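Below are the structure tokens for one structure; questions will follow.
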Amino acid sequence: MLNVGVIGCGYWGPNIIRNFNAHDEVNLVSVCDKNAEALTKIKNLYPGIETCADALEITRSSKIDVVCVVTPVSTHYELALDALKNGKHVFVEKPFTATAAQAEELIELAGKKKLMIMVDHTFLFTSAVRKIKEVIDDGTMGKLYYYDSTRVNLGLFQHDVNVIWDLAPHDFSIMDYVLNKAPLAVSASGVGHVNEQEDIAYVMVYFQNNLVAHFNVNWLSPVKIRTTLIGGEKRMLVWNDLSPDEKIKIYDKGIDVGTTEGIHNLLVNYRSGDMWAPRVAQTEALKLEVDYFVDCLNEDKTPFNDGEAGLRIVKLLEACDKSIQNKNKMVSL
Amino acid sequence: MLNVGVIGCGYWGPNIIRNFNAHDEVNLVSVCDKNAEALTKIKNLYPGIETCADALEITRSSKIDVVCVVTPVSTHYELALDALKNGKHVFVEKPFTATAAQAEELIELAGKKKLMIMVDHTFLFTSAVRKIKEVIDDGTMGKLYYYDSTRVNLGLFQHDVNVIWDLAPHDFSIMDYVLNKAPLAVSASGVGHVNEQEDIAYVMVYFQNNLVAHFNVNWLSPVKIRTTLIGGEKRMLVWNDLSPDEKIKIYDKGIDVGTTEGIHNLLVNYRSGDMWAPRVAQTEALKLEVDYFVDCLNEDKTPFNDGEAGLRIVKLLEACDKSIQNKNKMVSL
Amino acid sequence: MLNVGVIGCGYWGPNIIRNFNAHDEVNLVSVCDKNAEALTKIKNLYPGIETCADALEITRSSKIDVVCVVTPVSTHYELALDALKNGKHVFVEKPFTATAAQAEELIELAGKKKLMIMVDHTFLFTSAVRKIKEVIDDGTMGKLYYYDSTRVNLGLFQHDVNVIWDLAPHDFSIMDYVLNKAPLAVSASGVGHVNEQEDIAYVMVYFQNNLVAHFNVNWLSPVKIRTTLIGGEKRMLVWNDLSPDEKIKIYDKGIDVGTTEGIHNLLVNYRSGDMWAPRVAQTEALKLEVDYFVDCLNEDKTPFNDGEAGLRIVKLLEACDKSIQNKNKMVSL
Amino acid sequence: MLNVGVIGCGYWGPNIIRNFNAHDEVNLVSVCDKNAEALTKIKNLYPGIETCADALEITRSSKIDVVCVVTPVSTHYELALDALKNGKHVFVEKPFTATAAQAEELIELAGKKKLMIMVDHTFLFTSAVRKIKEVIDDGTMGKLYYYDSTRVNLGLFQHDVNVIWDLAPHDFSIMDYVLNKAPLAVSASGVGHVNEQEDIAYVMVYFQNNLVAHFNVNWLSPVKIRTTLIGGEKRMLVWNDLSPDEKIKIYDKGIDVGTTEGIHNLLVNYRSGDMWAPRVAQTEALKLEVDYFVDCLNEDKTPFNDGEAGLRIVKLLEACDKSIQNKNKMVSL
């Protein structure tokens, strides 16, 4: 049995608690939050779980093997550090840390102490993202041209981070996972209308061979959009995460470039074929992630969403900040 | 009666010809194209119209008062210049010219010779764009936050211009018209996968008071998208030009920012109200534009889509090129 | 405090239990089901609630004031009868009973014993249905022309009833509520492909003044559709219950009939105006219904969804059966 | 060369004229209409075509081999009869005739005189309908369960026919073509709100083996819907004719019925698989139909949309009228 403690019981914490608690090989020992009301709700749902207001009771508990850090990003480093120092494995909410330096320090410490870090990039456990990775990896898409993501809605305003740190970690982690390539540079633009932090932003990520990724994140949109287009040489894909039944559509569409007869006579033919919407299973992603967490510990495997994966995302976020501060300048990675 | 000649009979030319020809006060005298087949089609449809292969027969004809230039952009300057020199009013396809310098020269010449320039920013004559301008101008939207446009589809590849020069003139002219503000700066990113010219690009335009405009133009999208979001303090608007019946939706949604109690206690309340889709008439925009062209000549009015309007768009396009060449650098206007 | 017992813990029962249990003035005493596994789940969620396998322990319990009957329709009569005989108020799942005669008997008994019957027509407590009733009642729609409902999807097959008894009670109760008119006749067609019971059916309900209602119910549709069109003289309405944000759209569209100049010269003009999507709140309907149930008991009010309302729906269902057995014959009510 | 005359220049006539005129082997001799304005438009577009106001000038012209009857249905019989009597082949707008008896008389006469009748069931020449027929005929769909069509919009009111005679001929001819089965019976309901003719109607058509077809036709709908669902044992299909790119979606969905363990223990499993949207070409259907007409004449073939096909549709329409007059009674065919 794994003995697990959870720090943080806000928006996402109850889902972490529910899924760890439901796992057969997990004993959810204790939950911590400064908000007494949040703890009361947990007590009502799970009378057997202890609660506390001081995170150190979790990170330093002798009864706990694993600490889940589900707090605002500004506290991730301190809490994860204390947990690792006390010999606990950590499951950390995304984004991993507030700076790349913090992430690197945690990774080094975990390495020394042979402890596991998993960063909660939940989307990587959805059937939709798995299917996208599959059709990229097996060559169905062909050489990739672009990755274009839109994640906009009204709110939720965070007090401690801007819209990029709030929304883009989802998309950066998905891009990192499905493209599996090292980005060369980042540029970002953003403005804040409600307070000093950006509530609307656009990010470009540049890769080799002219592959580009673009991210539109916005807290001030009247409509909710969760759409990603991926263009490849052989096929093109649209992922609409809000579609109940047809989340992924793969188009047998594209262009065939013929022999150029001189610079102004490029022969471009359009291909227009069938569209195919593969069935996407509806399992809860977080359940699969918790299963995977336990498996990795049991079998002493390094998870693909480890500290390094978390660090890659934090580096992208830092580069965005730097680009915005420098008027949209391209920042090398 | 206005005697009109049309140079260029490619994709858009036949629409220009049809609409000028249908106007009661227009006598469509002559059509010019290098492609004999295109001219034959015109002859079959309109046996009374003369045709020719040499544009100078139009620009220098003593029987013609107005020259429509519906050719590739690289030829606009030369043809419009010759027409103006020969005392003709000109109706020029968008984008107006290949460089701002060319546009300025044409504007100056027309001014001296008291001739009219109209640039064919057709979208400004659609009921949808008129309605958007109306709700911005009458205060319905409140202070504006952002303008976010997506115009993507598969093809049509132009040989002589990149995707920005092909698709963005539509959106730049609409933005120029409905916002009616002078942009401060531009940044743009783009890559070319099919040939050396950009086929995917993203453009930011910066205004005072943190108002930003963003443009996503792409020739390599499997799906056709023609959507613009406009966020305002009071209301937000979605324009989906592909929707047959509900092109414009206005949302009584937004945020109300309360008194801040300290820097980390911003009170943000979300407003969620009704949505309203005003009826948008379905008159052909180009017909209205041709009517307006004739009216302006008859009443000696300066059209709002004059050479200056065309120049503003060309300056934005030039700034995009400069930004792409300088790695996405912000280019002041 | 109201002491409540619930019989039936299948698909819908847990929602009844959750909502009654959450009400401040309710003491949820006991839950009954023949399935031990279902009871264990309830025990885990609500350790304080008693469970039992014999429904009579609920209907005859001296500790219980209200019995919720959430079992298959074939058992409603017997269980509600026993509960009423033992002086309990009843909250009965829809459809109320398997026959109109049963419903009448229960209504009579409740009347004699001054006990309350509420039939769980949950949809009548949704904001969408409330809004529809509002725009009909306040004259926004004008004289009504038709009510046209489609409720189709793949499954869920019931063993004991056909697709009409399974799906149409929702729509019949909504129609009954928003139209508030007595139907004159019913006709129905249906076929069964999977077993002897109808899995596809179409129902017409006829009212005075040529008002008609039509219902398309189907367990064999590849796509889920939940759409109702209501046509009125002044306005027309589309209710798409699957739309997350724009469930109700009201169209200022219609026809204006002018003076007829002879029988073949009817002057029909089409009106095409704005569309308006009123905000629809997202409160849980069942919570509002349980609140209403408690209010009605406290204030000794007769609920609008009482036994009589339940009986009206059962009469429609019986008429459908009769029409199908008589080759789609119109059955008077 | 075929010498063709066209009677009727209203809504659809100009399309017939355009397509026959464009055919290489057709000489479009003359067009007839009582409306002088309509003829003037034709003259302007096609100066070489003769015009006349008297249909007999067409049906009795010695210069004409083929007469196209594109007039209101009440006149089809008389005009086609006169054309056939005078030795012309006929191309008749749908519905073929106002009564089955008229259709039978025309078929008999054409047979005797070895003349061809083609009824303009244009939809049978669309790529979408062709694809539907293909997946039914090749077994992709499996045994068919139902055909469910919705064709509703605001207007167009016909003065001489009801909504069934106006809209359902499209759907009846498509059903007749893709199912290729003889219907057993028809029932229909309808009401008229604007004048005495039905403007809203619902039709059921019954086939062997419990296959049913249902048609919802309505002139009073605020939204335009053109959707057909076809359910089969192996696959299910949705045809949305208003979708620009994905008109046909084929779902690998359905049910697998297991061994029944007693009457109340039917084992029904749901299959949920991929969805596939085959590419549907965008050729103009009427062009293909005119090509086919000429081919049939050249090669002395009997068209599949011959007088018999037209008659089958008229019989269905007559049965609808009879059922409505008899309170929705099932009418055997």
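Per-chain numbering from 1; labels A, B, C and D assigned in written order.
Convention: a residue touches a chain if its C-beta (ideal position, glycine included) is under 8 Å from a C-beta of that chain, and two chains touch if they have at least 3 such contacts.
What you see is a predicted model; the values in this text were computed from it and never measured.
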In terms of CA centroids, furthest away from chain A sits chain D
When C-D and A-C are ranked by contacting C-beta pairs, first comes C-D
Taking each chain's mean CA coordinate, chain C and chain D are separated, in whole Å, by 39
Rounded to the nearest Å, the gap separating the Cα centres of chain A and chain C is 42
The positions of chain D in contact with two or more other chains are 223, 245, 272
Contacts from chain D onto chain C in the complex sit at residues 145-146, 148, 152, 154-155, 157, 159-160, 187, 189, 191-195, 200, 202, 204, 210-212, 214, 216, 218, 220-223, 229, 231, 236-238, 251, 253-255, 257, 260, 264-266, 268, 270, 272, 327-330
Chain C residues touching chain A in their complex are 47, 223-224, 242, 244-245
In their shared complex, chain C is touched by residues of chain B numbered 245-246, 249, 252, 272-279
